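Next come two complexes, and both contain subunit A; in the first it sits with subunit B, in the second with subunit C.
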Partner chain A sequence: MEKKTLGFIVRSLPYKTEASRLALTHSIASQSVDIYLEDGQTVEPIVCFIGDGVLNCLKNQEAMKHYGDTSIGMHMENALLVDLKVYICKEDVERFGLTEADLIMDAEKLGGDMKAEIVPYASIQKLMNEADHLQFF
Partner chain B sequence: MAKLTVGSFASLVGSLSLDFAVKLCQAAVKKGHNVDLWLSGNATMLSKKGQKSFRDYSALQKTIEELLATGRFQMTACEACAEARGYHKEDTLEGVKRHSMDWYLASCFRADRVLLIGGD
Partner chain C sequence: MKLGVFFSDFKGGGDVMTRLSADKLGIILVGNGVYHATVKENGKGSPLLEKNAAFYVLTEDLETRGFTVDKVDSRVKAVTYDDIVDLIFNDYEKIIWL
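Moving on to the complex of A and B:
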């Protein structure tokens, strides 16, 4: 199996620009990338929220109510539903005075098993070092 | 020679990030590298035909056509992003492809280097 790891590093605020939404939609697109690859080739995305980007993970987003759009939170749940690895920077969560209870950590209500992880920045840095390609949103 | 994949989400007008991305593609192609340019979000505007050149605005259509003619450059626009902005297959520059986002990830898979320019 030839695998390439693509790091999607989200540091943009939600809703201010399209960036964080695009990070999630592009990472979720890994589910159908096989049609463009040879047998035995695959792409593994990892999604990391750092800096202001951790605010994309807040629960109870009401984009549908206010804008009529799917929320970033819904995309995050979809990412977890399709078993993408999602990491949230511990230091930045604390900097905003947030706790795990404030954040979307799973997609259980959709039937997903994967959970997001709150990890120290050093762990995210290690993941970034190990990724084949990195993209910052 | 290497393969470079460049992604851009910046708008054609209102930001110079897309200009920079195209210039970088141009430099890489000139050196003999193969380049894929992926346009998503507002950057899909670059794939629309009929762009007029004004001195006050970015005008990249001619450069893109020259790059496409080299055979070492391909430009692909995110189909959903383009449709959401109201322009369709028939509005697309000749030689420019339209695909879903998985095409970009496959291009990243095959790339020696991936650069995301103008992610805002």
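Moving on to the complex of A and C:
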């Protein structure tokens, strides 16, 4: 079986630009390319938040309440709901004085089982090395 | 002059902001500018808040990004859109956006 890994790397802050939203919607949508693949081929998207991008992962984003817009948090939960692998850079989480309790780590309220992981940057670098394609947002 | 500045960047615009001066300066943190009011990097608050100015942060943009008013630096006053209208009309003669 041939598997292509797509790395979606989010380094941008949320909302001012569409970058991080596009990373999540594209990573979710990338699973649908299966219809264009040959038998035995698969695609595995992974999403990594690094640098200021880790601030996309904060809980309780109220974009819908104030602007009638889907929040980045909602997209992140949808990504986890469809079992995407989501990694958050440990060093950057610590730089901002955040803890796992501050971040969206799962989509349990939607019935999802997948959990995001806080990992050292070296692990994310390894994932980037191993990915077949990378996109930075 | 009495100058109100809307500031919507977290990592940018500081080169202008550092030199900007006014008899009365108000900096209104909106959009990604709200991170100056809430985030501490390596335990340190934003250097922007060292500036001699009155600071305000838009509550709607704070909450959109997952923060609450109780997380705001004590040097910054949380305001709503309605409050900002009052600031524009009552407190500052000129308004710019950085």
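Simple rule for what comes next: the second predicted complex is superposed on the first by the 137 of 137 C-alpha atoms of A that agree within 3 Å, B and C clash if a C-alpha of one lies under 4 Å from a C-alpha of the other, contacts with A are read in each partner's own complex, and residues count from 1 in each chain.
Please note the rule applied: a contact is a pair of C-beta atoms (placed from the backbone, for glycine too) under 8 Å apart; a residue touches a chain by one contact, two chains touch by 3 or more.
Keep in mind that this is a model prediction, so the values were computed, not measured.
Answer with clash or fit: subunit B and subunit C placed together on subunit A by superposition.
Aligned through their shared chain, the two binders fit side by side on subunit A.
Figure out whether A:4 sits in contact with subunit B (first) or subunit C (second), or with both, or with neither.
It touches subunit B, and subunit C stays clear.
Who wins on subunit A residues touched, subunit B or subunit C?
Touching more of subunit A: B.
Give one of first, second, both or neither to describe whether A:14 is in contact with subunit B, with subunit C, with both, or with none.
The answer is second: A:14 touches subunit C but not subunit B.
Between subunit B and subunit C, whom does A:96 touch in the aligned arrangement: first, second, both, or neither?
second
Centred on subunit A, what angle do subunit B and subunit C make, from Cα centres, as a multiple of 10°?
After superposition on chain A, the angle is 90 degrees.
Name the contact category of A:25: first (subunit B only), second (subunit C only), both, or neither.
first
Figure out whether A:43 sits in contact with subunit B (first) or subunit C (second), or with both, or with neither.
Only subunit B; A:43 stays clear of subunit C.
I want to verify one number: the closest Cα approach of subunit B to subunit C after the superposition, in Å.
Between subunit B and subunit C, the minimum C-alpha distance equals 14 Å.
On subunit A, what residues does subunit B touch that subunit C touches as well?
The overlap between the subunit B and subunit C interfaces on subunit A is empty, containing no residue.
Tell me, which parts of subunit A touch subunit C in their complex?
Touch residues, subunit A against subunit C: 13-16, 52, 55, 58-63, 65-67, 71, 73, 95-97.
Using the touch rule from the top, collect the residues of subunit B that touch subunit A in their complex.
Answer in residue numbers: 7, 9, 40-42, 100-109, 111, 113-114, 116, 119-120.
Report the residues of subunit C in contact with subunit A in the complex, numbered from low to high.
8-11, 31-32, 35, 39-43, 60-61, 63-68
Can you list the residues on subunit A that touch subunit B in the complex?
4, 6, 12, 17-19, 22, 25-26, 29-33, 35-37, 41, 43, 45, 133-137
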